[in-house]
Amino acid sequence: MYQATKIVIITERTILDVVTKLIEQGGATGYTHVEAGGKGSRGVRSAIRPGISGVMANVKIEAIVRDKAKAEAIITSVSEAYFQNYSGIAYVEPVEILRPNKFEV
Amino acid sequence: MDMITDILTGFVSQMQKPTLAFLIGGMALAAFGSKLEIPEPVYKFIVFLLLMKVGLGAGISVRAADIVELAVPAVAAALVGIAIVLFGGQTLARLRGVTQVDAMATAGLFGAVSASTLAASMAMLDEEGIAYEGFIGALYPFMDIAALVTAIVLARLSAERKAAANISGQPGGAAALTVGEGHGNSNAQMVRGILLDTFRSAAISALLLGLALGIFARPDSVYESFYDILFRGLLSILMLIMGMEAWARLSELRRVAHAYVAYGLLAPLVHGVFGFAAGLFVHQITGFSGGGVVLLAVMAASSSDISGPPTLRGALPEANPSSYVGTSTGLGTPVAILSIPLWIILADMFIGV
Amino acid sequence: MDMITDILTGFVSQMQKPTLAFLIGGMALAAFGSKLEIPEPVYKFIVFLLLMKVGLGAGISVRAADIVELAVPAVAAALVGIAIVLFGGQTLARLRGVTQVDAMATAGLFGAVSASTLAASMAMLDEEGIAYEGFIGALYPFMDIAALVTAIVLARLSAERKAAANISGQPGGAAALTVGEGHGNSNAQMVRGILLDTFRSAAISALLLGLALGIFARPDSVYESFYDILFRGLLSILMLIMGMEAWARLSELRRVAHAYVAYGLLAPLVHGVFGFAAGLFVHQITGFSGGGVVLLAVMAASSSDISGPPTLRGALPEANPSSYVGTSTGLGTPVAILSIPLWIILADMFIGV
Amino acid sequence: MDMITDILTGFVSQMQKPTLAFLIGGMALAAFGSKLEIPEPVYKFIVFLLLMKVGLGAGISVRAADIVELAVPAVAAALVGIAIVLFGGQTLARLRGVTQVDAMATAGLFGAVSASTLAASMAMLDEEGIAYEGFIGALYPFMDIAALVTAIVLARLSAERKAAANISGQPGGAAALTVGEGHGNSNAQMVRGILLDTFRSAAISALLLGLALGIFARPDSVYESFYDILFRGLLSILMLIMGMEAWARLSELRRVAHAYVAYGLLAPLVHGVFGFAAGLFVHQITGFSGGGVVLLAVMAASSSDISGPPTLRGALPEANPSSYVGTSTGLGTPVAILSIPLWIILADMFIGV
Amino acid sequence: MYQATKIVIITERTILDVVTKLIEQGGATGYTHVEAGGKGSRGVRSAIRPGISGVMANVKIEAIVRDKAKAEAIITSVSEAYFQNYSGIAYVEPVEILRPNKFEV
Amino acid sequence: MYQATKIVIITERTILDVVTKLIEQGGATGYTHVEAGGKGSRGVRSAIRPGISGVMANVKIEAIVRDKAKAEAIITSVSEAYFQNYSGIAYVEPVEILRPNKFEV
């Protein structure tokens, strides 16, 4: 098993595309996302009742990167680019992977 | 005394109309805390079907319409959309607790068109046997796109001006990828990018698809045997949804300035007058019908609640969605729907329907 | 010999009726391991449309009905709901492997009403041309709510009695927030809380909304041109879903006492007799139709499978959902649907239909 | 010159038919980057309703059909399915960049039947007033299952042969649980397992359910008042979806050999000729109608895009889904739908319709 | 980057509201939830086929809290309040966050 | 609190059943899954637009096991059995649980 870092970003569904672009630019080889609801400083949001316009939906995005510094750089850039205007949180977790080359560019 | 009784009776009988009654029923359910919900995929599909119905119907009529008859109300619709944004943006931005960008975003939504409100007014005219031009649905994108583009462009220009004044700018802003594509540096590129985003939005695409199919294909049989038949029933369900949605979004307004409440309640009436006046003018020039005047007033009075908000969220990230979604979906739409009978009465008074 | 042939022929011809055939088809598919599934948002919407249809239809008829004609069957429906819970709870709780609270929860569901079963019986009466009072749909909430409230109140009182006897109580139980709101300490508050939860449940809200719109608005045209037209077709799909669902839920019964199997198979018939008897009684007093008697019997025979389970899960957390959902959806509903023809035959024998 | 004008006019008027126009509209929307989407639960349900319509209609007709009239085209359909797989598998496997298993998987999908394409051709025949045997829907499973089973069996046998030759095998392959059940060691068991998986797939189950209900129950009234009425409208929406889907899946083809593009464009026409020839043959023997010949050609030309891919993904894990899904949904389906008018013209030329 | 603790609770969909109330009472500034299916001691549950009544659906709830003791107190209280009668599991994980004040009340 | 290991497997939706069978055979007492979309070496996949056939959908599966060695054995077996032919990644994370006996067979 090899050490790696998991990035997690929970933010507004409408910016999924641009956030994943930043993640890929930051050096991740892939990402996974799931529809989510939640509550934070900007009030309740919902995956099932995202409002008729959909702007009230959340998404949870995860990416495994080999290098912890890279992981931190990615969440810092997402945070700086979007979290002033959009709802969102970001954190990292240590994980262990089987096939290290799968997560290296 | 008699007049008051008359008005009250008239009001009650209006509220009993299926369209309005379902809207009120939806608000009542939500206010009562009911757990009833129409699943998201279902209401997305209902909205799609109604937009296709409006688009196909308009497209089929456009085939037979002459160009002047079409062009005059189209230009009028676009101008009304722009006027609402200019007027509404000015007004709102002056009120306490409203930022420039939030004012523009909100006015943009109110200048744009609500598919549900437009469909409701068509159903009410049909019910009363009031005729209107078949191509009216084709005016929707003119008003909608004109309003959204105006609002976004003005808000961005004003932000740029402010940023130029205040050189330091916002930290990190530079790193952000712009949401949506094609937004370049020059203003022309900016407008192109916004237009592209607007045309790609779900509601405008569905409407334009319907229009194109109506004009270039021969969908008359399937239009009559399916889209038109289901129209009234699906609309009743959409009204229920809009009622529940309005109640749910009202709570957003607790977080924002009181000014939005006043705007949400009054703007539909004022904007409706803009649309109504434009309609009368078109009536003078091209003989536009009384029903057409009503529909132009309703489009102006209505505010976008499906397609507009995500477009604005992408194009104006600094605007607070609680303000504009709360004001439009929470107040603007129910007020616009409930005031449809008003425009019918006025049209009858002014030119007969 | 001839009679047996007659009965068999009659049985086969009953099973060929679309309603029953689709139910059996659904069970067969699930038993065969088919991967066919009707998506959750779709069946939620179908159930909503059928409840609206039943509610609107009843509401429109209520306008014209007189108060006695309505009140007598409504009281009868509520009493039948309560009687089923009292009787069923007693019976089940005596059987091996059944706790007091599970008995009450299960009897509560069987006292409550299944929208799909009621809709199926209306369709079958329509098909055979048997008349029934238009307002019957309005009886649904009376039986449904009476049964659920009785079951929950009795189960909670008995739990309190037990807890008082056995002072130590359950660890942690005190820390739990009660699911649902308004459940206070006094019994009156408890009943209010349960009533509120029941009224807010999706099925009861949809039905009451339809009723209210039928009574206070003028939805007749959209009722006829949409809800009524789609009724038969949507019901055929719901029957398919109920068949697949019944098969899926049967497996829950493997985890619980055999008593539930016996109850699920027999209770619909016994409860149907309760409802039938009450219907005959109402027939004597108010001239209630034969079709009405059938529908009262079917409501009594049916068991809630959509709205009841979440209400019980919230109100009686200690009850095991495998028992009551397995028994009601897995057995109660198919048995109740398949025995609809029985009540038609009986009504014909007793009072003619 | 005149002929060219004629052909062009004919072509344009064909493309204006609602069915084809909605397909093209869907492709145009997707190409334009529209955000419009028909939610997944909705299109699953639409496909289900269309399959039930086809199945019920066929089942109702089968009741009255005689056995020879039925058996001959059924055998022909199965043979066509097998022939397409044998021929297509051979052809594709010879092309550069195509592995044996990918060739078989792709040919399997092209031998199988697309519900949307079949429904579209029925609607077009109805529109033109061309008669066809009511039981045709019953031929669908014969061709579909014959093709899928042949493809899977041949691919597995060839993989086994290769593995036997190359003893080391693939690491880990042995540890994998086979997807789906009942796949044993012997060939008979293998075929049984594949058959079971195929019968359990959503599309085949829905069609067989409709067939069984049509044959054994009496669903005629609900068929006419619901399934048949909604058919045309739902099909128009499905065509839109297939258009958008085709565009989305085309991108898969960028990752695979060019051979697939050629196959996807030409195979529908070649396979259609197989089906057409078989249809003519059946016409000779049993007097099969011209409309029937068209539908057999269309089934042969069509390629499975809903039920086939998951069956293949489970049964042939080594096959690359980008190849077969891209080729079938991205190219095969639109080509097959757009060429429906061709078979109508040919049938008219050969035997009159 | 700052140390924090992620709480994860997987339980019945019908009690989402009351569980998130307990999480907020325990001092979390927000939470995120996603629809889930699964299998445990009480059998198979499904997000896509939650039964016609919906009582067979699961939900996965996550909340980031700064303080590990608080995190443990929250899952202990949820566990004691609900896991005798409702299906569910709960666990915590160490994570690293960017903006610590976002997760403090 | 007791140490345990969380297995995470992100793979194609169509093989959910067989993968969870392997997880249970490996000694997990349960698992949880959510619908997911994502991007990796085999291109973009989506939970909301899984293609009309559904073969383009992902699923994220999690299981808590007490014993880290067991956890590694499970993801190794899943990886060997499926990741040659199917899209997928797998990793493990350390977690802390309340009721250790719940996760022991």
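For reference, chains read A, B, C, D, E and F in written order, and residue numbers begin at 1 within each chain.
By definition in this document, a contact is a pair of C-beta atoms (placed from the backbone, for glycine too) under 8 Å apart; a residue touches a chain by one contact, two chains touch by 3 or more.
None of these values were measured; they are calculated from a predicted model.
Participant: Centre-to-centre on C-alpha atoms, which chain is most distant from subunit E?
Facilitator: D
Participant: For the chain pairs E-F and D-F, which is connected through the larger number of C-beta pairs in contact?
Facilitator: D-F
Participant: Which integer distance in Å separates the CA centroid of subunit A from that of subunit D?
Facilitator: Inter-chain centre distance comes to 40 Å.
Participant: With chain centres taken as the means of their Cα atoms, state the distance from subunit A to subunit B in Å.
Facilitator: 34
Participant: Averaging over Cα atoms per chain, report the distance between subunit A and subunit C in Å.
Facilitator: So the centroids are 46 Å from each other.
Participant: Residues of subunit C that contact two or more other chains, please.
Facilitator: Each of 37, 39-42, 230 in subunit C touches at least two other chains.
Participant: Where in subunit F do residues touch at least two different other chains?
Facilitator: 34-35, 48, 79, 93-94
Participant: So which chains actually touch one another? I want all the pairs, not just one.
Facilitator: Here the touching pairs of chains are A-B, A-E, A-F, B-C, B-D, C-D, C-E, D-F, E-F.
Participant: So in the complex, the part of subunit F that touches subunit D is made up of which residues?
Facilitator: It is residues 12, 14-15, 17-18, 21-22, 42-43, 48-56, 77, 79-82, 84-86 of subunit F that touch subunit D.
Participant: Where on subunit B does subunit D make contact in their complex?
Facilitator: 39-42, 44-45, 48, 196, 199-202, 205-206, 209, 212-213, 216-219, 221-222, 225-227, 230
Participant: What residues on subunit D touch subunit B, complex-wise?
Facilitator: So the residues of subunit D in touch with subunit B come to 15-18, 21-22, 25, 28-29, 32-42, 127, 229-230, 232-234, 236, 240.
Participant: Taking the complex as given, what residues does subunit A use to touch subunit F?
Facilitator: Touch residues, subunit A against subunit F: 1, 4, 6, 20, 24, 29-35, 64, 93-99, 102.
Participant: Could you please specify the touching residues of subunit E with respect to subunit F in the complex?
Facilitator: 8, 10, 34-41, 47-48, 58, 60, 72, 75-76, 79, 89-94
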